[in-house]
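Chain nomenclature is as follows: A, B, C, D and E, assigned in order of appearance, with residue numbering initiated at 1 for each chain independently.
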Amino acid sequence: MTLLLALIPILPLFGGLVNACFGSRLPRPLSALIACGAVLGSFLATLGCWPGAAGEGLKTTLFTWLQSGSFSAEVGLLFDPLAAIMALMVTGVASLIHLYAAGYMEDDSDQARFFALLNLFVFAMLTIVLADNLLLMFLGWEGVGFCSYGLIGFWYRKTENAVAGRKAFIVTRIGDLFFTVGLLWLFARFGTIGIEAINSRAAELDPTTLTLISLLLLGGACGKSAQLPLMSWLPDAMAGPTPVSALIHAATMVTAGVYLLCRMFPLVSLSPLAMGVIACVGVLTAFYAATCALAQREIKRVLAYSTMSQVGYMFLAVGLDSVSAAMFHLLTHAFFKALLFMGAGCLIQLAGHENDIFQMGGMRRRSQTVFWLFLAGLLCLAGAPLTGGFFSKDLILATAFAKGDPFHLGIYGLGVLTAGITSLYSFRLAYLLFAGDFRGEELPHELPKLMIWPLPLLALLGLSGGLLNLPHLFGGRSWLSGWLERENDLLQIPLQSEYLLLGVAAAVFLLGWLVAHFRYRRFAERETEVCKQFFLTGWQCDAFFDRLLIRPFRKLCYFCWQGGDLGLIDGLVEGFARACLQWGHAIRFLADGRISRYLQGFAWGLLLIVGWFLLQAVR
Amino acid sequence: MTAETSITFPWLSLLLWLPLLGTLLCLLWRKSAAACRYLALGTTLLVLLVSVGLAVSLETGAGGWLLFEDYRWIDAYGIRYTLGMDGISLLLILLTAFLQVIAVLISWDMRKHPALFFALVLVLETGIIGVFLALDLVLFYLFWELMLIPMFFLIGVWGHERRVYAAVKFFLFTLSGSLLLLLAIISLYLLHGEQTGVYTFALAALKQTELNFTQEMIFYLCFMAAFVVKVPLFPFHTWLPDAHTEAPAAGSVDLAGLLLKTGVYGMIRFAFPLFPLAAEKSLPVLAALALIGLFYAAWIAYLQFDIKRIVAYSSVSHLGFVILGLAAWNQTAWEGSVLLMISHGVTTGALFVMIAMIRQRTATREVDKLGGLWQSQPNLSAFFLLFCFASLGLPGLANFAGEILILIGVFSSQPLWGAIAVGGILFAAAYMLRLLQEVIWGPCCEPFDKSDLCRREWLILIPLALLVIWLGCYPQPALDVMRAPIQLLLQGGMP
Amino acid sequence: MIVPLEHVLILSTILFLLGLVCVLVRRNLIMILIGIEIMLNAVGLLLVGASAFWQQIDGQVMVIFLMAMTSAEVSISLAMVVYLNRRKGTVDVRAFDEMRG
Amino acid sequence: MNLLELQSLLPQLILALGATAVLMGGAWLENRRFWLLCGMLLALVAALCAALYEPPLLEVAGMYSTSLYARFCTVVWSLTIAATLLISCRYADLHCFGGGEYAALLLFAAAGMSLLSAASSFVGLFIGLEAFTLVLYILIAFNRTDNRGAEAGLKYLVFGAVATGFLAFGIALIYTATGSFHFAEALAGLQLDGGLRPLGLAGWAMLLVAIGFKISLVPFHLWTPDVYQGAPAPISGVMATAAKGAVLTAFLPLLAGLGDAAGEIKSVLWLLAILTMLGGTFAALPQTNLKRMLAYSSVAHMGYMLVALLIGGEVGGQALLFYLVVYSLATFGAFGVITSWALADEEIQEYAEIRGLGYLHPRRSSALAAFLFSLAGIPPLAGFFGKFGIFHAALRSGYTELAVIGVLTSLISLYYYLRPIIVLFMQDRSAYQLRSGCREEFILLGSCFAAILLFGVYPGPLLELVALVLP
Amino acid sequence: MATWMFYILGAITVVATLLAITQRNPVHAVIYLVNSFFALALLFFLLGAPLVAAWEVIIYAGAIMVLFLFIIMMLEIAPGVEADRYGPNWLQWLPILLLAAALGICTLLLTGLDPVGSNGVPHWYASPRDFGYALFKEYALAIEVVSFQLLFAAVGAFYVGRPERKSKSPAGGDR
């Protein structure tokens, strides 16, 4: 079983390496085949390991990575329920996306690089999921960052793409800094970086340290999951190929932050302040991103903001002390968001590589299948009752409500508002995409079969995702909570409140739909200019950061370079050199070639010596 | 080879003088460029072979000297020919031997005075190995200075536009530090002689000298002056960007990969054990300078237009990390420092190698004129990507292991330093990604030579890449080798 | 006693300095050489005086050597003067500043 | 003067008589190269004789000692002259030197120098000094096709004569004070209450001026660059090495004879050493003429040697002699390279003229580079151990400030040593194509190079020898 | 008597020398100098060195000064080479005179501090016989060396002073 466990990450790694080293020499379909095969194999291995996950879970240590003094980092895998469910999701969704990508990238000349990176990404993601210590997790953490960087800038010929990749890497790295400090601090406190060990001994920490460490971990999570204030990279990351957006920026990597918080939950949950902050960050991000999504014109950016918003919900769930709600939403979201992205990919293809939804419209006529599948995804996203998204989101909101205190009620209110906006922008998207006539000029491109057929599976999963953790109200058993051994996540609220909550959720959904219906049924660019610009640019955050951070940073750099290095240090050194040379010139011109001058030198020298001696003698 | 012969046979001297022999042969056969090439390659390979052989056959885990040689040399001053190799030296010598092979290979097509070039490269190797082996202070100083002349010529003759300025700056900067070192060495020797009546320059003996704090501090500062300039620590670093930028590929590789390490080596082998009290007092200053340099260099690197300059400043930044690790003064941090030295040698060496290849194809190092290299040279660009990411400290690649150990070590003794230092990782990413951005991504600027890697270049890059990955994924063997010596050094050095 | 030794000293010092002044201020090569002769004669005076003071012959012997040396020097110097005059057409030392700096 | 005395002065006798013989022979047989080689042989024989032949008397005529120290100096100066003759072979051809005169004058200079460093009385000192100075006047102006040579000759002559006046006046003052010319008595007589008598101080002041001129200490150094530049390169080599060395070596026992009473003199020497180190170094910085640069560099090196001199004793003496030998090797080698590069109508000495020569004449250029590096004190060349010895001596005797200044100036000096090297190796070729050197030059430059390398790597034997011969 | 003679002769020497060094015409200067040397020779005689006095007259006043005169005549050196072109002399002389005065004062003060100075110079007479004995017995070696020197000085003077030959062109072009 441990071998099988080891195979889970190794297979994609192997696939990635093979593609990276030899991909360009392999015959074309082979690289895609290897990639898909590796991930599928990994999925199967995960399935094979599944039985071992229950309870304590499977553990294996491959080798010691770093050991120095009391510090020791093993390459060890931990396959506990949380990891198992995550791994299953990652490998599963990744398999489907790989298949989709095989179709999507059919004609691309750089296929091997794409699949190499994609496979490596899966490997890195699985490392995050399966790592039994924080350092190994960090390896995966940075690994996904690297792959994301490589894939966002995959079409490197356009500078914007590469710049977007860089931005993603750097912004997430800001988060990583916090993670690193947290990691260092944890090691300094516990003398170990094993996740289980830390979690079990978390209570030993004093509250302040605990809060600070939790906040640092939150910082790391924010970076990777594009939460406030480190969110600005995600919309730009949509420059990458669509499967990448689907896999990395929707289903898996952006949820790594959530996963991290869940992983370290025993630690994090001990600090009420940190929990509050997490919840706030989550709900604020959810709200912020939802408003931004309202105004976006590019289909993938809408989805990106929606992803951000949904991940915000997950953070909220963590902040509300409910791991299972977070994981629940994570799973359903993974399904429907992957679906949405892949559907978007199909739509873009169908619209003739047109991203702008204002240039689309009437897409239903181009492909019925895609319409239905995409709609299914949108319904889940909007939280249409009985879809997976509905249940998971509702669980989070209900948990917030159940806390009962004003703070959480406020959060609940904001969450509900966000849900409404979510519904609104979902249907805005739907109407803009499918209603009316095609507004662009491009002819549809061929849609490879391979791009279609992973979608129904995801649609099914998304729609029925609610079953994973179906609340008792609907006769479910809350399986996920049970599996994660988080029985206390189950809500203890009166039945009528629960009905009320459901009602509110459904009402909000409907409200959003209606508004969208009246507003976007017929296409017209009607948004007010200011508002549009404000939301379109993500509340002007990029400009704000540019002014606040990047420009001063460049100025600082420039000052260090010109002022410090060239001016001060080199100036001093060269000034000294020049002064020496000048003295040299001065002394040199004593020797002006005149004999009488030279002879005077004698006389002066003699005077010096005699005078000196006279002084000595007198004394 | 049995254990006995390995002790009696002067392996260290062999290691030390082999390159010089190569130099002589090169100069003898200076008419034929090909002969010199192969001679140089053969010699460096032989050195590599011997050092790897030593590494394999010796019991590297043990503390103490793995190999030791001691002969009379200049009796008038009590100077002896004392060589000793412990784990740290061994690792650094392995690095030296390896990088020299790379340096020879990268200069394979050297058309300008090839014989002299290879001869100098080999002399440089002797100098560097000598620094890593010498245990007599004068002998050490001799090798320390011996490195200067070949490097001066390598920069000055085979360098680029501002080569003379750079060469002179390099020479004067480094010499200004080392002359103070010389004064301190002599004074220490005299003091020791006055106290014990035995006039000797042996490190082990001088360690026993009784110094009051002022003396110790002065000596320590003089010693550090030499080492700090070589490392180079902020604010003594400005020779480095110029030297790196102007040096030919092999020169940059040697400079970044090896010469800088000699400074750090000098600190841990000589300055710290000889003057422990002063060293202890100086740690905060050292750490502060290291931290400033770490950020400062990274910031400056971010704005550079010359890709070599970017990498050069990155060296300053990384070496700041190394020094920070030393300043933390504990096992983990020191192991991290030594490991980072080695991995920095490999990654930065690799980057300079790649820059040379890029320059060969594009005839420029200006970022503005570069771009989209992936389009015409995907293999080359892939390697470049790998090394850049190794350099910015991606986990699983070379630099990360060292950096994280340093951070852990620093954090456990001085959390604040550690927390600040973490920020350096961010800026490393900033300038490295900018470098990548400007070179391999973006719209294609037509290189005049569109060929991808040739066989020789594969031969250079693959070992480098493998080493980068190996050091990132499984640095444990290296750590095991350095463990015992570092323990000893932290306790005040070997007797 | 003829005079105190001091007075011999003073006389020779004055003579020596007069020679030195001549060497320093004159621009004519011949005059410079004459100045040098004056300096050497001052030395001779001192040596003879000291010789008398110590009632030893050595000082006087030294004067002889001094004279021999002087004549050797003068012969070379004057040859040089002739040579230089032939080359430059002047005995003004200011003409000889081709090398400087 | 009896036979034993003559035997004791055998090397000097060989030199002087040999010089006369060569002079006379040269008048009959006009074969330049033959007489040069002949002279070289004589010098070598004299050196051998001085090295191997144990003189029967310890002191000759109360003027010259025949101690090991004196014999060592004789060997060194004879070898220098032999080397000069060897390296001048082609140079003399090129400039149509009178072979006999040239060789004879140089041989006599060797005799004078060896007498000077063997002097044990002021008379001997004066005569020895004058002997080679007189010869140098001629040798400097020996090149009759060159205006500069004449000018240099004039300058050296005027200053030399003035310095002679100072020297003689100094000796006269000391004689006045003590009534003796012999070092031991005179120096003992000068002392009073552990210090020097005022008259002695005045005498020493004059002596210092003369010595300062001879070994070109600041501020008596101004003639140096001009004369070196104008003199024929081999003669500049002799002047920078043996001529200065002879004065220094004569001065060393003189100062040692004063013992503790030399405090005031040492304080002046201290000042002069600092002035000289700084002055020479700074003035050399902007030079663009190889010979002038070497001249100023020799000034700076005299400063270092002055440090060793004023420290005195075993440590200082050892450092001084070692430094002197090593410095002489390098400086002579450098002038040798210039000699070997000389053209018929002029010498190549401007930096602009040696651009890129390093690759056209690699052996001579690398030798020059090595000599310059040695002068700069960069290991593994002998100059390093020279400086090492000086700094060691300075620190050991508590002259830390001198050591620090020495270190500072040797750092700055590096720049002007590097400049010709840069010009040679790092700049593009200029138009000159020099003739390839002759065998004699290569032998000499090769041995200089080998020696500085050998003494840089294994200075032990020389150090021991130097320690052995010290008085 | 001898004392008075000393002071008178000393005064004559100084004045004659002073006149000699201030003369513009080198010929006049030489003549004054010969005067000065005669007085000096008398001083030598006074101080008990008759032989040296004789030589002073023969060698200095006789040979050397005549040589000077001869050269001056031969080269036809115009009087006042320096003054004609370079303005008044005294202004240039002033700093150097001050320097010399300072030097003189310092030296004299220094020598005056010595106790030996106040002792008198006795009447003493070194006969030529004593002199010769010392010269050729004790200082024989020095005589030899000096004679060599004279020889080489003569050679040098000849070499330097002889007219230039048409120089043979050296073998081969250099550039």
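Quick notes on this one:
In this text, a residue touches a chain if its C-beta (ideal position, glycine included) is under 8 Å from a C-beta of that chain, and two chains touch if they have at least 3 such contacts.
Note that the structure is a prediction, hence the values are computed from the model and not measured.
Listed by label, the chains touching chain C and chain D alike are A, E.
Least step count on the touch graph, chain B to chain C: 2. In this assembly, the chain whose C-alpha centre lies farthest from chain D is A.
The most central chain, judged by the distance from its Cα centroid to the centroid of all protein Cα atoms shown, is B. Put simply, the chain farthest from chain C by mean CA position is A. Just count the C-beta contacts per chain pair and the biggest one is C-E.
The distance from the centre of chain B to the centre of chain E, each centre being the mean of the chain's C-alpha atoms, comes to 69 Å.
Centre-to-centre separation between chain A and chain E, using Cα means, comes to 100 Å.
With each centre defined as the average position of its C-alpha atoms, the distance from chain C to chain E rounds to 4 Å.
If you average the Cα atoms of chain D and of chain E, the two centres end up 29 Å apart. Among all residues of chain D, those that touch two or more other chains are 123, 127, 130, 134, 137-138, 141, 153-155, 158, 162, 173, 176, 198, 201-202, 205, 225-226, 287, 415. Among the residues of chain E, those touching two or more other chains are numbered 96, 99-100, 103, 107, 110-113, 116-117, 138-139, 142, 146, 149, 153, 156, 160. Multi-chain contact residues of chain C, defined as those touching 2 or more other chains: 5, 9, 19-20, 23-25, 27, 32-33, 49, 53, 58, 61, 65, 69, 72-73, 76, 80, 83, 93-94, 96, 98-101. Chains touching one another, given as pairs, are A-B, A-C, A-D, A-E, B-D, C-D, C-E, D-E. For chain A in complex with chain B, the residues that touch the partner chain are 20, 24, 63-71, 110, 113, 135, 138-139, 141-143, 146, 149-150, 153, 156-159, 161-163, 166, 169-170, 173-174, 176-177, 180-181, 184-185, 187-188, 553-554, 556-558, 560-561, 564-565, 568-570, 573, 577.
The touching residues of chain E, counted against chain D in their complex, run 107, 110-117, 138-142, 144-146, 148-149, 151-153, 155-156, 159-160, 164, 167-172, 174-175.
Put simply, chain C touches chain A in their complex at residues 20, 23-25, 27, 32, 93-94, 96-101. Residue ranges of chain D in contact with chain A, taken from their complex: 154-155, 158-159, 162-163, 166, 198, 201-202, 204-206, 208-209, 212-213, 219-223, 225-226, 264, 267-268, 271, 279, 282-287, 412, 415. The residues of chain C lying in touch with chain E in their complex are 1-11, 13-15, 17-22, 24-28, 30-31, 33-35, 37-38, 41, 44-45, 48-49, 51-53, 55, 57-58, 60-61, 63-65, 67-76, 78-83, 85-86, 90-92, 94.
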